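For reference, the structure I am asking about is given below.
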């Protein structure tokens, strides 16, 4: 190892090992906090328990253990969705861009979690705020002087602040990952990375605060259980704005016709969709924020039924409209059903869950075809799956549940979609006219993998030439 | 979007949003039911608790939360097995049929869960019945007027009816998915879909009711813990019937020799087998139907030991018999061990679990070779893995556990295998002589992916020509 | 089936079904043990509960159920890591060796668990011993006459002996699987299998006993929470010894230059890394050995932050040092961060977790480049990821936590790395000079898949010729 690397490493170690580090507000260790907690009286938790020991001897504490454990497992399941996104998005695009898709997703996931730890969590959950934008401070807000407040139900949830953070952090990167799918095959990597960071810092947590953070939409009675709008429509409409500014892949729309560019690895895309399906039980089931038997089990059933109905409906619709049994459409049908049920998984009947999923499965096929007619090139169908079905799922709560207003559901979903769309137009537009957003024709033709990464996804195999590709592209 | 699609969508929304819908017996929402429950007295749960509130304040309720949560997580793990089936079956067959395998599995999984919600669950668990066939009614049997009965241990299990349903539903599609592997590469998609639906509607839940539903086999003292017979042998023997009617793939058996058609993607098949291994901990561990520490942990250990012994035994057997270290055989050894231990995972000793798994690992290799000698073409070895090892696992309970009768175990497994086999012969035979079950030689040669789906699994890569393929096919 | 197979099978069944089997000390069934337990008084558990029934009616028992369940789920998650290893190692090497990698991993996982059941568990946890080497006896140590001792907290952990065993067993095979990655592409299969068995039998559990088994390192105050050293450095330094004896792949270092041999399937490697990331939450989170809300949730957060920081740091370092955005390096950055945090996940601050992960992400890139300069050929970078970052993570505990001594951390990690390295030099050296460890040039050139297994990983696709491969190698 060269000397200079050794110096950099040593400096890094010293910097972070410095106990007087400026970042200590983010710190706090389990061991220390427990020790403090044991010494203090247990004032924070209502008036029921006068000491922490008393609380820990109670059955309320055992419920706390269970609820906390379930949300941690749900966080694990939501992380599984990120592997799902990486595989479905790379599988549905061309082999020459597969590494690039994966690299983008690894970057977005990892920077997303770090950003969420440093600023996002406290933008999304700022505490008391004006209802539109707030910021609770840097870090995840752990107050080492009040561990009881942070590590018991006194925090306000039946989980520790760390569980709350990690579950929310696993959601956070999702929105930008959805965009990644829409813009694949022609976007400049550095520009995407910059846009993704800004979206995750200043769009996702802001609209998130409007509802889950207790902002103006929650005041109005808007309801989005696990994020049909707050997560999925945000990703879809950010993606739409980017695609409008970026343009379609070369050759996709030519001579007034749509030249399909087929998914390069359908087994890989299948792995992705199933991992998303699997992880969604954590996404929806964890959004109950406890292990309450009735609600969590109910949400598992509505989630599964909607996914299945979505798949079947998209299979039928594809057969009727396209006269084929297209596999990617069937897979997108599963996702459409899942996005559709996400807003109301706990408040609609089982039969309504089937209906919501089935309608999402019809919508996703028609929407994908419509965007192609409009020459809006979304290689993986993410605008339709997450954007359009996200809106459908949110308004469906207003249609199928008597407890929520159709108008407010529509207002909420459109407000958030509009904020995200406009934010993205401005930010991505600014990047476009400064750094540029599109790779050269040559790079696009060679593929981003070799140009940006010097990697091939499958170097041991010879790719089909583009001319041959036309043979089975419809 | 064209007008007619708008009309269809609107009609669908109105139909399902209609509060007087004919399907309301399937419905019921968590919120409503909880409200009703809070008002009623808690009569259903023995005489120990006089109100629901009293029950919810008890430690019995906390155990209920844990048990319920574990079975939900187990349901998630069993869903993982369906990704396992999709990947192992597509990986072990040819590239030109990979999309078709996946499409079939997506269809079977999704229609399977929907069918199980509408009719299967109440055929399998009909309540009091004649022991051979019963039907409790449409839907999952949620009685909105008796939520206490359905959402507490009064239901009869330490989980809600929804948890019970979703766990069982994840099992349900398995049988038909196993068939999908056996018939791959030459079956007409529509005929398979029809057969799969009939099998899931009228075979799997019927034989299921004989034991798990409290029917005649449970009366006799038959024991199949998690489904060596009820799930796996059912799939294997349905598959055998179909293969006998369908015939072998063209060129597999020619000039008195077996021309192996190699697995097209062994990493993909490996992913599949490991996902099945992983999910099996939910399949077996969840079949405890509670989080009882002794039994669930014991079942985890027997399951793991049998899987490992199965792999090692199949590796040795393959080396001895075939003079090679064939990877798919090793992978099938894991599955064989798992199928073998499934019937008795909670009642055999650890050493017996090793023995049962090892014997299954020997059996699976010999069985696969035997079926090839008999010119019965099972591309993925599913008849051997699930059918033959399913029977082995079931009779092994009679051999290794003093509490169960060898004779009754044999009777039970053969009865169910025979019912399924004959059912499949009749139904698939009827389809054969009406709609036809086999694709044309041309479609088979081109591959089902392009013919049935207009998709290639890997369009960016040039396939080896069939003539070259022979070079390393043994 | 031929007669002789029938006879072998019958003999096996009789052998194991023999109630007087010599192996019955390994046996014991859940059902029997429960019955015994119900009859005995509950003497083993302190003096708090006089009978088992009394204990089972307590809230302590409910905590026991939860803790036990969480460790079982964590075991499931650690098994997921083995699929991660199989896919990342096969993905990062050449297509012609992919089956061989998978076969080795299946063998090591399955023999590893079986060996651990027969001898490893009681070498690693021998009870009272001299601190350097002990052996508690064959089997997992279940004492059928004292089920209360084994199936309640009286065992010493808040889980049953079976849960403890299966969680530890899932760890056990890891060390040898790491070696598998280092030696891929030129090692004789049988020699690797022999070495792996000896490593798992006489190295991993021995050094494991020094700390987790209560040996001399734990006496000294050494701390390795979940195995940066005990698991990962063991694998990495065993791998280093093997690579030194085995030599590099033909053509990797030629004419004084490094000729990169690119990863053959980056999506497959990505699946592997994400599965490792996912499973690591069980690896670290389960190492809490209970579901304690504060510690488990805290460990989830430090684990996630370190992984993310590792990825980002390796991306930056790769860009600075190699002037590229190499995808495998980014993926290895995730793993480096995870290995780095494993020793101290519960005792460092969140900010320190970011630092530890980031430094690991820098180290891994420099280390991989350094080993290439030294002409030490590690196809997947495992020596750097697991060996070097394992040491880093262990000494980082001494740097970042005031409770542990830098000197003892360094002593501990170097002692274990040295023992493993020397053990591997001797054992693998002995194999080298007797059986041989390296395949012939011809076998290496053709690939191990076809030579050792008669399988191709992807037989339906034509590989690029070696000459073409140079075009985009490094």
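Brief remarks follow.
Letters A, B and C mark the chains as written, and numbering starts fresh at 1 in each.
Here, contacts are C-beta pairs under 8 Å (C-beta built on N, C-alpha and C of every residue); 3 or more make two chains touch, one makes a residue touch a chain.
Quick caveat: nothing in here was measured; it's all calculated off a predicted structure.
In terms of the stated touch criterion, the partners common to chain A and chain C are B, listed by label. Looking at which positions face the partner, chain B and chain C present mostly different ones, since fewer than half of the interface numbers are shared. Distance between chain B and chain C, defined via averaged C-alpha coordinates, is recorded as 31 Å. Touching of two or more other chains is recorded for residues 59, 62, 66, 73, 265, 271, 458, 461-462 of chain C.
For chain C in complex with chain B, the residues that touch the partner chain are 1, 5, 8-9, 12-13, 15-17, 21, 23-24, 26-31, 33-34, 57, 59, 62, 64-66, 68-69, 72-73, 75-76, 79-80, 82-83, 86-87, 90-91, 98-99, 102-103, 106-107, 109-111, 113-114, 117, 139-140, 142, 151, 159-160, 162-163, 165-166, 169, 189, 265, 268, 271, 450, 452-462. If you check the complex, the residues on chain A that touch chain B are 59, 62-63, 66, 70, 73, 77, 94-96, 262-267, 270-271, 274-275, 277-278, 281-282, 285, 291-301, 304-305, 307-309, 311-312, 315, 324-328, 330-331, 334, 346-352, 354-356, 358-359, 362-363, 366-367, 370, 399-401, 403, 458, 461-464, 468-469, 472-474.
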